[in-house]
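Structures incoming, each one as structure tokens.
Note that subunit A is present in both complexes that follow, paired respectively with subunit B and with subunit C.
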Partner chain A sequence: MHYVRVFLQIVKYLFKARLEYPGAWVGGIIAQWFSYGIFMVMVMLTVWNFGTLAGWTPEEVLFLFAMYLLAYALGASFTFNLTREFRNMAINGTMDEAFCRPMPPFLYLVATTFNIGYVSHITLSGAAMIFSITRLEISWGAGQWLWLFVTLLSGGMITACLMLLCEFPALRLRSHSPLAMFFWQGREFLQYPLTIYPRPLQFIFTAILPFSFVGFYPVQVLLGKQDGIFPHVTMWLAPAVALILAGATALVWRFVSRGYESAGT
Partner chain B sequence: MKHYIKLYAVLIAKDFRRFATYRTNIFAGITSALFMLAARYALWVTLFATGNAGDVTLAETMTFFVVGDVVMILTGGAGFTGTSLSEVIGADNMSGDIALKLSRPCSYHFQLVAGKHAGAIIQTLSHSLPIFIVAVIFIGILPPSGAEAFVWFVVAAILGGVILTLIDLILAYSVFWLTDFWYIAWYKRALFMLFGGTFLPLWFYPDSLRAAADVLPFRFAMFVPMEVYLGRLYGREIFVALGSAIFWIVVLFAVERLIWRRVQFKLVVQGG
Partner chain C sequence: MSQIELKNVCKDYKIRKRDESRSRFSEFFRPRYEAKRAVDDISFTIEPGEMVGYIGSNGAGKSTTIKMLTGILSPTTGIVRVFDRDPCKNRTKNALDMGVVFGQRTQLLWDLPVRDTFELFKTMYRLSDRDFKKQRDMLVETLEMESFLSQAVRQLSLGQRMRANLALCFLHQPKVVYLDEPTIGLDVLVKDRIRAFLRQINREQGTTVLLTTHDTGDIEEIAERLILIDSGKLLYDGDHTGFLSKYRDAGDTLEDILKRVYAE
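Moving on to the complex of A and B:
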């Protein structure tokens, strides 16, 4: 509990620092609303032209995209800035600081690099989600709303863990991580229903790079869909996948941080 | 003139060497380009499987994107996958390097254009050429609709590249009035996505949005050249389109000069 309070205090100071230049901050938020908003319109328009996409209506595809974007924003708020810094941390010694603070080093690093800019993604995807739920005339019970909440958290965790796992090599190599592209390009495939891709790709994005547990499988439960090559039970596995990835990330972090050597001043 | 050509070649060679030093960049560029092609192809195959595409074919659509990508990168510099001029000018302004570049014995714009063309060559080799080769072998890309169409396609692509560069420059000048600049490129990409048909060809647009796109200059960068290539624009329509492109070049050039004149009074070097 103490660490949560410290974490929130650090984030509060980051927020204050960011607001020193309110124009730049708001400019960035509006740009992301504009850009992602237009992207959503274009995706809707594309599917609308053809009627459906692999049996998904334009509103369902929008809901899937909103889920993907919201989960990405929730996860990336914690890890995006941190992973950008990995390759410089050992070079200029900024990670030394984390080992000298009276809190877990990883928590300190996540707090001090927290990205408040993702408020743009969160507000936009929230609005898109409300719009698509309204258009789909969905009437969910408490169980479905709880599932939405849980899978948004697990989606955020899966995103954050995959980003970290793909970027950790940068910390050791002190250069770009060769695995980074698997995260940044892999997530592009999340924007549409998994079933539009050939079976080998469906397998990869379920069993090897489990991006499909961020949006596709949880949304299947919420929209009552049962497409895909895996057994139906797969659509319920997102929270378990998130926990497994969190464990794997913790193990890899322990290995990577144990071998940390500062070259900085 | 000879001096400028030599200088231009030196600047391009310098940027190219800098890129080639990091070989993982080349590998990452090619792999991510192929990822993008796979995702796009899967999307369009699924959409065309619905049978609701009207008179447009899958081959035309994939040709539109694959050849269009080459066009935008070759004529418009680094295009959408690479660096925008707002990022270059913004970084120069923020670091103070702009003072050094303005005092060199060749214009700042010449250096910008040379850098953009170096980016074009790099992006072509690491991005659009691999996509083009893979698409030709595995997907099947349509050839130009005729020899004459190909000539007019090249002309339209060059004019489109000039329009793309001018819009990029005009938007980039806003960095001199702003404290941050990373997001300017987002506006550019979104505008071309919405009005330029870079995400969805304008054939598929509803009438009202198509009418808006038709009166704006964004479609000249990729959509118009590709319509000429595919033979969807022919005869007099080509000349009307090229005339409109020239009109927009004149208008955008005048706007660009006007803003650049204002920039020279606004410029404050912050770093260095």
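Moving on to the complex of A and C:
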């Protein structure tokens, strides 16, 4: 509980620091709304012109995209700035500070690099989700709403863990991680239903780079669909995948942080 | 029991071995590495309340030693104990009892007033309102920080920032403080203030101070005991007088002695 308090206080000060430059912050939010908003409209219009996309209606595709973006924003808020810093930490020894604080170094690093800017993604995807739910005329029970909540948390964790796992090599290599492209390009595929891709790609995004558990599989529970690889099983696996990835990330962090050599001062 | 104990400590860094005679192809596909010894078989102990000057030329291994004491780095061989604990395995616990300042690296929240970082440290170090207020007020008064406490850190001068960093380092009343070149780049007035502050806090709160510096003024005015290292090896460990009688030639200042010792 103590660490949560410290975490929240650090985030409060990061927010306060952001407000020192209000123009840049608001400008950034508007730019992100514009960028993702245009993309959403384009996808909706494209699917609308074709009728459906692999059996998914425009509203369902929008709901899937909103899930993907919201989960991405939740996860990346914690890890985006941190992973940007890995190379600098390894070269300039800026991780020293984290090892001298009375809290776990990883938690300290995540807190001090928390990205407030993702409020733009969260608000936009939240609005898109409400819009698509309304258009789909969905009436969910408590179970479905709970599943949506759990799925968003799982999706956020899967995103954060995959980003970290793909970027961790930067700490050892003191350079950009060659695996980073698997995350940044890989996630682009998941903006659409997985079933529009050939079977081998579906397998990759299910078993190797499990992005499909961020949106595609868990969304099927909510929309009453059964697509993809073993959908009757995979549609329920998002929380388990998130926990497995969290464990793997903790193990890899232990390995890479043990190799930290700081830098001359 | 000693507060700090190093026994036969060595620290190696793996560095790239560049060989001009090898082709670029070989260098690229089969790079060679060698171990560079930064700290070489160093042993010493430090008792509670000591003021120790840890001196040596650039690259002598001073910062590496401090990083091993703080738990940032682990020794290649040998034993490091702080408060009778392995600092690498007890980082969180040790951090509550130690403070550290690395040269000109700031630990302050860059865009916010100094007082905000104080508040954050209060929560992080679990300080009670009473302890926090008492120690903060003392630090603000002694380091003459009242005038810039509400100013954003980015707008402070180097001297003001260093004073604020020092205050933060002592805010939780640590038992041991490691200061890695705390007066680097500061003017004489600020240096004097910092030296007076360190003597005062050592006297009043019994804080152990381990200080690395190239400034002879720091050594003369703060350090009661000197540990001299060169190329990672311990050359001298003892009091001031012993140091002078061992290395001093007629008419030598401390600076002359250090120049000669570093050059040898």
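Criterion: the second predicted complex is superposed on the first by the 263 of 265 C-alpha atoms of A that agree within 3 Å, B and C clash if a C-alpha of one lies under 4 Å from a C-alpha of the other, contacts with A are read in each partner's own complex, and residues count from 1 in each chain.
Please note the rule applied: a residue touches a chain if its C-beta (ideal position, glycine included) is under 8 Å from a C-beta of that chain, and two chains touch if they have at least 3 such contacts.
These figures come from a predicted structure and were not determined experimentally.
By the touch criterion defined above, A:Tyr197 lies against subunit B but remains apart from subunit C after alignment on the C-alpha atoms of chain A. By the document's definition of touching, of the two partners only subunit C reaches A:Gln9; subunit B does not. Contacts of A:Thr46 after superposition: subunit B is touched, whereas subunit C is not reached. Once the two complexes are laid over each other on the shared chain, residue contacts for A:Ile208 go to neither subunit B nor subunit C. By the touch criterion defined above, A:Phe189 reaches subunit B but does not reach subunit C. In the superposition on chain A, contact is made by A:Pro104 with subunit C only, not with subunit B. More residues of subunit A lie in contact with B than with the other chain of the pair subunit B and subunit C.
Of the two partner chains placed around the shared chain by superposition, subunit B is the only one that A:Met181 touches, whereas subunit C remains out of contact. Common to the subunit B and subunit C contact sets on subunit A are residues 21. Subunit A meets subunit B in the complex at residues 21, 23-24, 27-28, 31-32, 34-35, 38-39, 41-42, 45-47, 49-54, 175-176, 178, 180-181, 184-186, 188-189, 192, 196-198, 201. Subunit C makes touch with subunit A in their complex at residues 13, 59, 63, 67, 70-73, 91-93, 95-96, 98, 100, 102-103, 105, 107, 109-112, 116, 119-120, 123-126, 152, 180-181.
Contact residues on subunit B toward subunit A in their complex (touch as defined above): 22, 24-25, 27-28, 31-32, 35-36, 38-39, 42-43, 45-48, 50, 52-53, 178-180, 182-184, 186-187, 189-190, 193-194, 199-200, 204-206, 209.
Put simply, subunit A touches subunit C in their complex at residues 2, 5-6, 9-10, 13, 16-17, 20-21, 94, 96-97, 99-105, 260-262, 264-265.
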